[in-house]
Amino acid sequence: MSTASLTIDGLTVDFSGFRAVDSVSTVVDAGELRVLLGANGAGKTTLMDLISGKTRATAGKVYIGDTEVTAMSEHAIARAGMGRKFQIPSVFRDLTVRQNLEVAASPSPGVFANLRFALPSSTTARIDEIIELVGLGDRVDTDAGTLSHGETQWLELGMLIAQRPKVILLDEPTAGMTEAETMKTAAIIKAMRGEHTLVVVEHDMAFVKEIANRITVMHLGKVLAEGSVESIEKNQAVRDAYLGSKGIV
Amino acid sequence: MTINRRTFLTGTAGAFGALAAPAILPRAAFAADTVKVGSIFSLTGGLSIIERSLNDATHMAVSEINAAGGVLGKQIEIVAEDGASDPKTFNEKASKLILQDRISSVFACYTSASRKAVLPVFERRNGLLFYPTYYEGFECSKNVVYTGAVPNQQLSNFIPWIINTLGKKKFFIVGSNYIYPREMAKVSKMLIEQNGGEWVADEYLELGHSEWASMVSKIKSSGCDVVLSNVVGDSVVAFYREFKNQGLSHDTLPICATVTSEIEIAAMGAEYAAGSYTSFPYFQAIDTPANTEFVARYRKFVGDEKAVTHHALESSYFQVYLWKQAVEKAGDTSTEAVRAAVGGQTFDAPGGKVTVEAENLHTALTPRIAQWQDDGQGKIIDAYDEPEFPLPYVAYGEAQDNLYCTASGLDTSKLPK
Amino acid sequence: MPVTKNTLALATYVVLFLIILAAPLYFDVFWLNRFSKFLVYGMLGVAMALCWGYAGILNLGQGLFFGLGAYSIAMSMKLASPTSLAQGSDTPIPDFMLWNAEPGAPIDLCCITNGSFLWIPFKSQFFGIAMGVVLPTLVAFAIGSIIFRKRISGVFISIITLAVVLLVRLLVVEAQPFTNGFNGLTDLGYLTVFGHEFDPYYVSTYYLIAISLVVVLVLARILVQTRSGLILQAVRDDDRRARFLGFDVPAYQIFFFCVSAAIAGYAGMLYVLVAEFASPTFMDLAFSITMVVWAAVGGRNSLLGACIGAVLINMVEATVSETPQLIEAWKVIMGLAFVLAVLFLPRGIAGLVSRLGYMIVRKPQKMPAARADAVDAEPARAG
Amino acid sequence: MLDTIFIGLSVGSVLLLVALGLAITYGAMGVINMAHGEMVMLGAYTTVLASIHLGIGLLGAIPIAFMVTALVGYAIERLIVSRLYGRLLDTLLATWGVAILLQQAVRLSLGLAFFGITIAGLGTGLQNVRVPAYLSGVISIGGEQVSLYRAFIILVTILLTLLTWFIMYRTAIGAQVRAIMRNPDMAAACGIDVKRVNALTFAYGSGLAGVAGVMMSGFKTVFPDMGTPMVVDGFLVVVTGGVGSLMGTVLSAGLLGQINGLTASVSNDIIARAVIFAVVVTIIIWKPSGLFSYKGR
């Protein structure tokens, strides 16, 4: 039986007259990997901003599990179980790879709670696993600022895993990657599936087919269609509005 | 590897030591045939403009004395330090002179703030400071010889003269925001009221403030007929310029100043001050052979034909002579000996006779009033015949027959209750 | 034992501590006193490195905290001064209040001038000592709470801190009946703790300062090595990332801003102990920027580097300024050194030394030099 | 009331005079030039030197001061600032060092003092500039006696602002500057010589400071330290107005000038200054992008 992990209910944001996201509702089940599709300006990134608290919604609600997080601040939403990767990779450039992961794995958010040195051994072990998973074993003591683009993306994915969120939002995780790097990324994301609920914005259809459980297609701020990869590919409205015109499929 | 590391550490320590070493090494050993004195004036920073001239005057006096055979048959060696316009530096240099160089007499400081910063060093480490600047009073230190004017020597003649001779009765008092101008204002108000005048405003500006538009406009609309200025430093220049630029004239509404000296006049351009008045015990224009020679010697000494002399500069000069006389009287350069001997010393300074009063170690000076002329010089239009006794506590009713600051220290029982 | 950067740093710390603690064996009274002042500046360097290097907050108003600490203790010491007991009242009253009082005001600390009652608790020197740290911390907390909660960053923090320190300085000078205005607090008594008088020229005073510096350095070092310290550096590198990892970013910034302020305030207190005065010039813009210079030359990212930078610069300055020919040249050298340090040594002396040290103890291999610039790149998010 | 407004206008125009150059270097280029005040100082010294050695008066010194400070600015940009783009706070620090060097250059007669040579008009002392007769005195505007020199400053400030506006918004080079302001990489990709334009922009901003210096020399003391307080005020104006907005700088200078004038007239100049600091801090906290900002960078 699947339970709702992320519930979005009528989410709307109005930028002085322009509705970038308009009454979007959807439910993402626990362990599901949902892909958000849509042309540029369809509102995908804005939707992620709304969910993660970066932008305040004009109307509507967001739940993680049963907890409403709509009005919470960004870090509180993150603590409630939301992780987010940005389009432009962002890691702590001046810290080593391991330190980046240690920061992400830090069990408590407060400044006083963190006035101690070692992490619990279970956490350390977990960090080792993550390093293994993202394949940065030989770079652990390197400063993150010197990593390649692909390595930086993987490190950020690793940090998200270390954070142990229920829901992870990924904004174009393969942007700017080579073929080989994309494949490795797909592998990492697949490994994350199940333990985490994932929402991924992605353009690369081959990649989407590789990873997606379900797809939500957005168009002009609204949900145009939602369903399995096959059903979306067959959907006439989607073909007309997006896929057909762009000729991706 | 270990060896390497050790090499590295030794290297670090060595470098550290090497850099610090020149400062730590004791200076040239005491030369037995010289008498050492110290000086601290700002040779750098904002105050250096004025303090350099005090430094020059001090050096000039020392070199004159040396040329005439020195003191107690020995040459004077002056250890000159830079106060860098920062009280922190003054404090540090004072402790260097007294503790490191073991000098007892130091000629130093222009601002009250710097004097206050060095005072603990002189009092606790037993040095003797010769302080050449006019200041606000309220000090009765046994470790300072004050050779500049105190408020009664600048105001007791000035205010009555403004009211009675100049015929101006409504004062606008303006000053820089610190202690000296505020205390001058306080004494002025007492004197204004005693002489039947009135004051319409008492305003202050930040030190170094140079935007005078509002203040001058206030002066214009205040209905005053005279401005009493206790403004100091480069603010003075901006003030006089704005005053004239806003169409005010010293003929009808003169600025009567307690700080504006030859040095500020030169800096602002003489035409802006022409017609205004200043009260000081010394002006470059004092027309005596002694002073004319002094100005000429000073100009030669600093190698600048246009150099001006002023009150604090003159004090810086003659206080070295007062010190010399005290040393010769005592036959000793220790603080106690000089302090005991300096009281009562009289010297014919360029501006006339000066006497260090034994009771309070302040100096009797002759109050004078000058009107500034187009050539940047003051024309002396009023002067006392005799030096005026210094009363550092005049604002609280001190009088020559009722001294608060006495040879045995401050008589606190006389302070206001 | 593998030689790591940490071992090197540890060794340097130990050497420095030995030098500091052994200094009284070699220095005379004067140099000890002067060296005490430099160590105080070193402490300011530590505060600066913590704030700027580790938290990425370029505070151009650090003098505010130094000044608050200085004034707190100076108020206590002023009340202990013999000059405060000479006003003919049973309780001490600072001498300047007497001549700043309105005529007829009661000769009592409660009401002789406006606000003079605030001096009353300072009769206890323990209160003065406590306030010397608490007051800067509280002010830092207030300022920090506003600017960090409002997510003000980069140069705007610098401008705000700069404006605040100038504002406070203006008010301190203006409130002459309460603060003695431009002249500052002088004629102070001694600080007396459990019957021991801290004469600025006693070795005990030197040791108080030396040990304080050692403790501050060690504590600061420990602090930045905790997870909080790590997270703080993460925040400096990318505050948005840290926020989306669930950290309450402003809390970290405020905390370390306060710690830095507390250290600066403590340094201000110690300075008053050795220099025997407190002055509004402590809050001059130039002094605050000078602290930045120390940290920049010594190494903004290194607590120890910034500390040594402050001590060394002052030592050299003291020497040079006592050589007349070099007085004006010194400023040229300083300005030049500073420009060059910013251009070519973004990690200051500490960066240079650790790179050299690393080269000596390790076989030459790839150096962590390339990232020197990465730190300094401000996230271009201003405006 | 009218006189208070005029005072506010005078104060505001002086603020704007200094801030205008900063609005260019900081607003357009994102360079915090702490040596900007020293550019003003150099402009003032150019006036002093021009009058002593060339017999040129205040008005004639304006183009000379512009050229001198623009050249110095160009050199600073090429030698130092250009190496620090993207390191905003580092430019602040490096230019602070430059400021010290410039002050010392004036104090030491460009270094000749080391060889015992002094140049009349330089050195540590105070200098002054004679204001020509046709610019001193008062004129009557609307029944109010108004200082002619102040009115002249206001006029010059307006002209410089218009000129700057024209260059920025009506010329090809201005378009390039604004392109770089928005996106330097894109501008470079479009064939703009970013290096050259940056250097010229910086030189122009410095040149404006030089002209400000000429105007300052007419009513303030000329000495090596004169620039330091000005740069602080200038930054407060630019940041309050909104980085990158010429209009914002103009309006904020006007606003702060009026606040200063009004507060000073009802209380005193010290309170006025405190109020200015407080207002600026409040505005930055309330709206870090400035009152009249239009761009996010």
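In order of appearance the chains are A, B, C and D, and numbering begins at 1 in each one.
FYI, contacts are C-beta pairs under 8 Å (C-beta built on N, C-alpha and C of every residue); 3 or more make two chains touch, one makes a residue touch a chain.
These figures come from a predicted structure and were not determined experimentally.
Shared contact partners of chain A and chain D, listed by label: C. Averaging Cα coordinates per chain places chain A and chain B 72 Å apart. Averaging C-alpha coordinates per chain places the centre of chain A 43 Å away from that of chain C.
A separation of 33 Å divides the Cα centre of chain B from that of chain C. Looking at chain B, residues 177, 206 sit in touch with two or more other chains.
Looking at chain A, one finds that none of its residues touch two or more other chains. Multi-chain contact residues, meaning those touching two or more other chains, occur in chain C at positions 170, 174, 328, 331.
Of all possible chain pairs, the ones that touch are A-C, B-C, B-D, C-D. Chain B contributes residues 1, 4-5, 7-9, 12-13, 16, 19-20, 22-24, 43-44, 80-82, 84, 86-89, 91-92, 95-96, 99-100, 112-113, 116-117, 119-121, 124-125, 138, 177-179, 182-183, 206-207, 395-396, 410, 412-413, 415-417 to its touches with chain C in the complex. Note for the complex: chain B touches chain D at residues 45-46, 48-49, 52, 177, 203-206, 208-211, 213-215, 217-218, 220-221, 234, 237-238, 241-242, 244-247, 263-264, 266-269, 271.
Residues 30, 32, 80, 83-84, 86-90, 92-94, 96-101, 103-104, 107-108, 113-114, 228, 232, 235-236, 239, 243-244, 270, 273-274, 277-278, 280-281, 284-285, 288-290, 293, 295-297 of chain D are the ones that touch chain C when the two sit in their complex. Listed in rising order, the residues of chain C touching chain D in the complex are 58, 146-147, 150, 152, 154-156, 158-160, 162-164, 166-167, 170-171, 174, 285-286, 289, 292-293, 296, 328-329, 331-332, 334-339, 342-343, 346, 373, 376-378, 380-383. Residue ranges of chain D in contact with chain B, taken from their complex: 3-4, 7, 10-11, 14, 124-131, 136-138, 145, 147-150, 218-221, 223, 225-226, 229, 260-261, 264-265, 268-270, 272-273.
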